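Consider the two complexes below, in which chain A is the common component and chain B and chain C are the respective partners.
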Partner chain A sequence: MSDQTHMPVQHDLAPGEEEQHSVGERIIGYVVGLVLALLLTAMSFFIAGTDLVWQPSIPVALIVLAIAQMGVHLVFFLHITTGPDNTNNVLALAFGLLIVFLVVGGTVWIMAHLNQNMPPMDQIMQMRS
Partner chain B sequence: MSMTATVGRGRADPHHIGRAIEHPGPASKRIVTAYGFWVFLLSDIVMFSCFFAAYAVLVGQTADGPKGSEIFEHRNVAIETVCLLLSSFTCGMASIAADVRNRFWFYLGMAVTCLLGLVFLTIEFREFANLVSRGYGPSRSAFLTAFFSLVGCHGLHVSAGVLWLLTMMAQVFAKGFRADILRRMMCFALFWHALDIIWVAVFSVVYLLGSSV
Partner chain C sequence: MLGKLDWSAIPFDQPIPLVAGAMVLVAILGVLTWVVVKGHLPYLWHEWITSVDHKRIGVMYVLLASVMLLRGGSDAIMMRVQQAIAYQSQGYLPPEHYNQIFSAHGTIMIFFVAMPFVIGLMNLVVPLQLGVRDVAFPTLNSVGFWLTATGALLVNVSLVVGEFSRTGWLAFPPLSGLTYSPGVGVDYYAWSLQISGIGTLVAGINLVTTVLKLRTRGMNYLRMPMFCWTTLASNLLIVAAFPILTATLAMLLLDRYLGFHFFTNEAGGNVMMFMNLIWAWGHPEVYILVLPAFGIFSEVVSTFSGKALFGYRSMVLATMAICVISFMVWLHHFFTMGAGPDVNAIFGIASMIIAVPTGVKIYNWLFTMYGGRIRFATPMLWAVGFMVTFIIGGLTGVLVAVPPADFLLHNSMFLVAHFHNVIIGGVLFGAFAGFEYWFPKAFGFRLDERWGKLAFWFTFTGFYITFMPLYIAGMLGMTRRLQHYDVAAWRPWMFVAAIGMAVLSIGVICQVMQLVVSIRNREALRDRTGDPWDGRSLEWATSSPPPVFNFAFHPDVRGEDAYWDLKTHAKQQLLGHHPEPEYQDIEMPKNSPTGFVCAFFATIMGFALIWHIWWMVILGGLGAFATFVVFAWRDHDEYVIPAAEVARIDGVNLEERRSLVSMAGSI
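Then we have the complex of A and B:
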């Protein structure tokens, strides 16, 4: 079955490791990541303090910018890609993200409901009077 | 990949991941070590998510103390952010230098990374000291407890990272670019980049979002 071997058999990539690149290409990768991250950071700080945009949209914009910047860090600094040699790393990351969203989302959701259904004593007294 | 290419290789590549599996034996130690460390980093991020959840719940519970918008200084946070970002970059340069076994650029990259990390820690420590001296310590309100534990936990990680960085420089100085030293250097680079990712969440959620509450 010689047709199986025309793809070079290689090991998976360790997290943080890149495919074979020259030093120049690797440095350019880091520079691109740095520029993108700086741009996103500047946008975050600008958006947070500006009056130019509709105010209720600011928290959503900040969260989107933060997620985008984390993506930039993952791709350009940690070299997590979607390539087949990175499957293990991506799956571990996906599981970690699942737990993070369960913890943060679940906590915020449950505590918001608790606040609504069990207000402090003084608020209950106000409702009675 | 075209369909015709996958048909012939269907058995050897059952999940069509574009690679024929030929049982190349166990993965190298470098991959096993880095993967194990990656799993540790993800569990560390899960731990941070608990602190983030606590902060998100408690951000409004100021007990008549200061609100976030009254104590956060965006200028300092921006300087801290740029420091960490640049240190992540120089850390990447140092790991490239370690891979090509260039001592000068390795020491230079690590030294700049260390310096930027120390600047970050100094600014953060002064911010904490300033808050405590004004009576806004962690025991003032639930909001401040959550703030100090989240940002302080990240600061502790950065401090541990700086110690690890100095250890790596000493090890390369004493032992050279041996395979085991390069593995440790790789784990350190992963750790440092992951700290920067956590800081992105910290400055977005704590400082920028927290000021608007």
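Then we have the complex of A and C:
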């Protein structure tokens, strides 16, 4: 089917289908990604155990670092770019994020409200006090 | 050695499953013997079982769905008869058997009838409509089909070896937990769905990739036929939703096999989480089924009205809107579970909103028909029947989307009537319309119109006689899944429903007769043009049945309704002598037994997991993995069809078409 995959219908590439870069450039890309990923991991471990920062900010910092970590993986290892050759991949990612957000967010919301019509006894007692 | 399996697994004391199982076994053995004795085995192996041709795989999917439709249909007949006679008595089915029947009926009809039917039609038609030679991953496609067949096989094995789940088609815990279902029934259910679920996911990935990456020259997104759009939306939903089902069933299995506490009442488990997760898959699932049906109706309505589809872009928009909104409504399946008014209200409103794009589609089909020259061939009858029936089902759906109303109707026969109204009226009518419409394309001869129309009218009226009484019974307070009852007011309606079931069955018999009669008269019904319905999209541009490479040349698409443009063009420059086209070699993927062998080992593994035969689990797992490794190490996966052969095959097709055009010219 090789004659079809290269048809000029659109210009997006599948993940793993690399654009032509020299080997050196590609190695540099992976090394930068690796260093950034390690750096972010080390920072997470450091922040979790430190008392240098305001304690309640630690969970927020960990979330920020985790999202940055995902970003690094997407850019340097999965090669998601904003270029026109990547439209499908970006759309797929956006669709995936939307669904994950809907399902996880919806589940948290639903499960938090399940006992509204008939709360367990201890919750009713709390409401009274 | 054999885990939980011993002679007590075979229900010698229950005549119905045993006799049914024996009959099926005799039938299968008979067919196998006939195949071997007549020497058809090599043909079957080389041309079908190992085939990676999307058309062949599509046909096999539809065949699987049709056979399973008969199985699920017999379950339905048994249930209707039971409820008709079980007034103040036990009826003829003992409770544990009746519970297995309604569980198997739901499981089979959704997973092994509706799913393979629509996936089969998508496989058969989408590459042809896109003007390409194959799907994106041909061998993976075959693996997907055979894994689905494995799931179907395991469900049917449960008829004779052991038992099936008694917990309804979604196996809610705690009933499906180890405490209340210690037998193998739920394991049969869960493992067959896990295995066939992988098959479905694989098919989904394959079809999404096909639509996104393989389109012929000029086939922009907004020139794709509607069926390709609904295929894209439906398969995006498969890719997004089926992992949820797999994860949920995996957690249930961990609870059952390894003593986990995801869905138990003690140790921090939460039963409600299962309901939440399974419906987060379950609601998109109904759109996975019905979107392709919408696509089929779009094709059928526009072809048989002789007009381009009205509001093509609004149709695309509606399809994609349904694709996204279908992930925002799942709570409406459990309004009564305890959520407060704000949660219920939001999901209720979302459920009503999703009816809007569906309404847009209905109006588009109506306006497509308006002013058209409508030909009421069998596919068109199914389409019109669908519109009437689906509107009723949709309206009752909007009704149960209102939370206060749902509190009264939840789990009643009204609900049963509602979802049969949309699934039979939507998905099944769609599948039949697609079957009648594309059968000539797949096999090269049309289906008998007289039997087809009879089948439609019997099924259509049978459907109404069966399911309208269930609405009434529901409003009289009858709950679903009753093995027997003592309320006199329900009884007449159960009688009527049973009579309706008989009429529906005549419809099914007509459908079988249609197939038999058509095969016998195939020479008279032969379609030599490749375009029996005066179609509009590219699948009609090639011969029926299409050659293995589909198109000798990649068609050049200049607008919507690609083939219609081509035909208009050809009629204008009538009989202009075309230079002999320059054919080139075509590379096609080689057949591969990977799918069949993988599924063979998956069957062994699934069966062993159900019965706790651990050495066999390892054997099956290793076998499946080894098959994958062997396939991954292959050297050549394509073969070449030489240009001369392409020219010979295409020449026959061109000759037929030229004679057609010259005939049209002489008139």
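Rule of thumb we're sticking to: the second predicted complex is superposed on the first by the 99 of 129 C-alpha atoms of A that agree within 3 Å, B and C clash if a C-alpha of one lies under 4 Å from a C-alpha of the other, contacts with A are read in each partner's own complex, and residues count from 1 in each chain.
FYI, contacts are C-beta pairs under 8 Å (C-beta built on N, C-alpha and C of every residue); 3 or more make two chains touch, one makes a residue touch a chain.
Not measured: the values here are computed from a predicted model.
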Notebook entry, point to check: When the two structures are overlaid on chain A, which partner does A:Leu52 contact: first (chain B), second (chain C), both, or neither?
Noted result: neither
* Can A:Phe77 be said to touch chain B (first), chain C (second), both, or neither? -> first
Of the two partners chain B and chain C, more of chain A gets touched by chain B
With both complexes overlaid on chain A, does A:Asn88 touch chain B (first), chain C (second), both or neither?
both
Return first, second, both or neither, reflecting whether A:Ala37 touches chain B, chain C, both chains, or no partner chain. first
Which holds for A:Ala66: it touches chain B only (first), chain C only (second), both, or neither? first
Given the touch rule stated above, what does A:Trp109 touch, chain B (first), chain C (second), both, or neither?
-> second
- Message: Looking at A:Met121 after the superposition, I want to know if it touches chain B, chain C, both of them or none. Which is it: first, second, both, neither?
- Response: neither
Tell me the contact category for A:Ile99 with respect to chain B and chain C: first, second, both or neither. both
Both chain B and chain C touch chain A at residues 1, 3-5, 7, 9, 14, 88, 95-96, 99, 103, 107, 111
Residue positions on chain A within touch of chain B in the complex are 1, 3-5, 7, 9-17, 23, 26-27, 30-31, 33-34, 37-38, 41, 44-45, 48-49, 58-59, 62-63, 65-66, 69-70, 73-74, 77-78, 84-85, 87-89, 92-93, 95-96, 99-100, 103-104, 107-108, 111
As the complex stands, chain C meets chain A at residues 132-134, 136, 138, 209, 212-217, 219-220, 236, 240, 244, 270, 272-273, 276-277, 280, 324, 327-328, 330-331, 337-343, 554, 587, 589, 638
The answer for chain B against chain A in the complex is residues 8-9, 12-13, 17-22, 24, 27-28, 30-31, 33-35, 37-39, 42-43, 45-46, 49-50, 52-54, 56-57, 74, 78, 81-82, 85-86, 88-89, 92-93, 95-96, 100, 186, 189-190, 193-194, 196-197, 200-201, 203-205, 208-209, 211-212
Given the complex, residues on chain A that touch chain C span 1-5, 7, 9, 14, 88, 95-96, 98-99, 102-103, 106-107, 109-111, 113-118
